[in-house]
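Just below is one structure, and these are the notes that go with it.
Chain nomenclature is as follows: A, B, C and D, assigned in order of appearance, with residue numbering initiated at 1 for each chain independently.
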């Protein structure tokens, strides 16, 4: 297993990161409008000063290599939009919030999704099947920017149980994680149900029953393992998406997370911030995809022989 | 007598039609005996045993009748009680070992499961018992092989493990559903020999489902012949072969290829097995029977004794119009 | 062989999986309801210019945000435009975006995933790392650049969405292919000397229809809502035209005061999703050979 | 089914537990402790007065630092602040300020005249790259120093005479100078703190962190969590502490205006930065006392690219302007109390009002269009209207598109571009019509009219009119009010005759305010010094 991870990190991750950085670095220069273009016209001298301060006046390739050098030193450069802050600082201060929100959402999505999937698969075609499926599918067709305000209207404004926005007490975590997790519930429930239906007709289920196992043991010990394969490969990118924060949920509940920077950095043409967030997200995606591959080999021994 | 099955019938309520897989079957199983259930594929022999253990999914399937196993009727006791018996008192061996084991779990995990689920407390002892049972079923280095996965075993080896799994809780009855069909002949013999030895060692009674008369002759004490969900004849093995009491059994025996009679062409029973959905009256074998008369059409094919505990449902034999 | 050619035709062709599948599909009440509903909705949208009571752009400022009433069965938006008409016209955009972009993502994802899953080893690593790279890609910037360099066209919209959506499909397909790769019937096919291409498309793909269909029926609504974000950025639909995604996004802003602006487009999207999923389920049961044993 | 049963009971329990924790709303608690909860729209770029440009940044800096003068919330006239008094020379070129004796920095150092000289040098130093350096160009040689034509700051007309006298020499008379210097670009910074974290012109240094910040305003910076909250506490060293009644202010960077409104409704905010369009009608009927619609010194208009056919024809521009039903727009579409713009400068800008030049006259508009040669057989060529992605621009553009279609029979296409792309397109004149808005920094018509002088920085219309330039230039040299306003109105007449821009409406600042907030008097610069605010 160790060899597998080491191979994955050095032989695969670093080249991928290099490709991402290079492509992004040159691509964002194509987008019109620079970090300093603003409504009030800036004088040429000021623009020139700003460019020299941020090293933008040097030729593009020189900037590229100095940027790579800085990254190796762990310095992701100052943010254009927030001059007093460095990219590393912005990310390290806002990532823990997104991580916490993402984990709550992940747990919520997995528990509800798998439960709904299993319950629906037990009696395909029954009322229970359609009820759980339609509730879980609500997550897909009610987008976050509708579900969030809806939950707030009911639980904060009507019942007054939780605050409308902010990220202080534990109760501030409930609505945002449900909003963030709800969309993935639909995917997980549907995939689990599909997997369960396929596995429940296998022979080894009859063997398990013939051994006198209780129905729940048959489902959760035997059927679920096989059924979760498609779900797990879906969970890799989904979990990475949740952990790195969501622009919509964070703006609706005004949560100081990282998701916000992914989109605003692009709007502000905050080049260093864009690169910082892209690299950060690339690392998370690769970590989670590796995790998923490992879990898949654990779950499915047949994959182990390569 | 350890198991008394009385007029079980099982119907599959499917969308297209109701399929009567088992129609009013009764038989007895005595302690330490090996009862063979013989019939072509689709004759309902597997469904019969699965219905007894309640393994078939309830909604589409409906089973009626009784199956008394030391004075509890398996067919109408609550699922909790049935579960205590399944795997503990009565266990099953399936036909295709490669698909009967959960591909994602280690063998050891699946072996000790029957013990744990029936209240066996310590895992360590259970694993030890699993190792012993594996060595008894002649699997080399059981200690190492136990922790491997099903796809790392050959068919024969897996079937041995299956047998081990069935016996680990030393049940009183083992239902073997064509355990050797998926194996090649040499392994088949060794598996049957192993089952014989374990049967004597643990005084098991075995229900052996097969379509291979050769195995029945060599292995079973008594035989039940099934055709299209109905029992046509029940007899001890010797009586069955020497003085057969049903044309279908006669035809089955004739179609077994044997080295001594070197006739060139093989005997084939004409026609096709009946469509299970069709509601049949009279003797089900009538359309394909060489000795059929219109009487057979009206017979309510009830088993009646024609010799010392030798039963048949063929009216013509019963009225000794026919001797085979 | 003594039989003359035409005799072969006489023998009734086996009850091919496809025919049996369709038979079972027809039996599934919900699938029928789903496909009928979808058919009607698509028909309505296509015939929008003929049947729409108002033009989708005529405004009536004094009648802004009227609740559903006699004149406007679904009420009006803040600029006094008939919501029912805009939903019909919006449906045309959303359906084309939903179906085409999903088709692109399914096509590319399935092919990419199956090849990666089948070959394994080095090829699989390279292909999967490219997927990781594509995941990390800054989508917002990519869209802005697309918008600036190319004319604003629907094709561009499909390309942008397609370029993002196929990634997870590829991962799911790869996992499925790898778990099926070892089964006997694949070795048998290989034994027959079939080309890789043939094995994958004739033998492997039909066996992984389950997750593929499920995931693609879920991609369609997700893609429709992604289109709203792109239109917000200026890439998608230009006003005064609109799409369901945009209508829902605008409706969400005024959820409390004018709930019908959110409810009706939301309903259109959810009913489409439900019927798609019923059809998807029925399709999967129909196509899945194993479930024919029932 | 047991599992789902447990699930439901669990939720029920959580609900009961949360609902029984009844607590007074955040606003009531804050009012008791005299802490103002302020919705500040976005995360500030930085808290350095010489670098930032946005309103959210200004709202915070205004509590931490104080310039020579502050504006009277009622009539926006300059009041003595760090400068206790001042004398103006006869020719109006030399201003001498007396720095208040007891003015102190938050670390106890006295505020000296040299601090101001240092600060002006800092903002004017080219390396800092300050976008607001041009605000100080009225000082002698300031422009030259900022454009690094001269590098010895002593030549710039700013001198400290001893610790408490500051002398500023202007290059031309500026009648509104005393209200100009209330702008944050003129704020002093604490020289030792700046030099501790870099040189005088280091950009993005750490001096604005809570642990390092030193200011001379009524409040001190207590804590700053990115995208979460900025807390300022009452300063002990402020010279006028008695009249400051607030104990602290919490600034919440809530970007989504709907979330901000909801937070206000559940009592989490005293004041919001804006109010969503669609909520105005609700507040106007249900809670009128919480809704504030203050006039705001700004105009919303469409730029016209005068070089593109057919917009190079004056009659076409006039026709387009006359065919916009501004009343319907402001009344039905915006509903924010905005005033229809009949001229370019808003009414009553420091006493100057141009009056109504543009009316809604479709017959005249159609006549002008025909005169310009466009009718049935010579259809109007395609024209595009560009705007940046924002909720209200989107709605207004569609409304006007519809008006021009009905009243003039011309079809224009709408192009919606992301903010930076939009700026680039307008700067390169690659548009026909483009949405633009201008909010003035100081209370004087000059801020509106000097936009359109030939190749002025913000003049992206390509329009140039020499008489207009000379009039605006002349008006800026005269200190007599009547004469200046006469010249300005003459210039605006030319502007509204040529119409390189189509004014649409004058901004209003619509926001929500809790009844417990006292002293938040409305004014057109939205300038509310926290000294005058109290909570009941």
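Methods note: a residue touches a chain if its C-beta (ideal position, glycine included) is under 8 Å from a C-beta of that chain, and two chains touch if they have at least 3 such contacts.
All values derive from a computational prediction rather than experimental measurement.
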Check A-D against A-B and say which one is joined by more contacting C-beta pairs. A-D
If you average all the Cα positions, which chain's own average lands nearest? A
Quick check: how many Å separate the C-alpha centres of chain B and chain D? 89
For chain A and chain D, let me know how many angstrom lie between their CA-based centres, rounded off. 37
Computed distance of Cα centres, chain C from chain B, in Å: 49
Centroid distance [mean C-alpha coordinates] between chain B and chain A, Å: 54
Which residues does chain D have that touch at least 2 chains other than itself? 258, 418, 421
Touching two or more other chains in chain B are residues 151
Taking each residue of chain A in turn, which ones touch at least two of the other chains? 31-32, 149, 267, 300, 302
Given the complex with chain D, which residues does chain C contribute to the contact? 57-59, 61-62, 64-65, 78-80, 144, 147-148, 232-234, 238-240, 253-254, 256-258
Quick check on the complex: what are the chain A residues that touch chain D? 31-34, 37-43, 45-47, 49-50, 53, 78, 81-85, 90, 93-94, 115, 119, 149, 152, 156-157, 159-167, 171, 251-257, 260, 267-269
Which bits of chain B are touching chain A when the two form their complex? 50, 53, 55, 59, 83-88, 91-92, 94, 96, 99-105, 113-114, 117-118, 149, 151, 165
Per the touch rule above, chain D residues touching chain C in the complex are 258, 276, 278-279, 281-282, 328-329, 332-333, 389, 391, 394-395, 397-399, 401-402, 413-418, 421
Of all residues in chain A, which touch chain C in the complex? 11-12, 15-16, 19-20, 23-24, 27-28, 30-32, 130, 133-134, 137-138, 140-143, 145-146, 149-150, 153, 183, 186-187, 190-191, 194-195, 197-198, 201, 229-230, 232-234, 236-238, 240, 262-263, 266-267, 274, 277-279, 281-282, 285-286, 289, 292, 296, 300, 302-303, 306
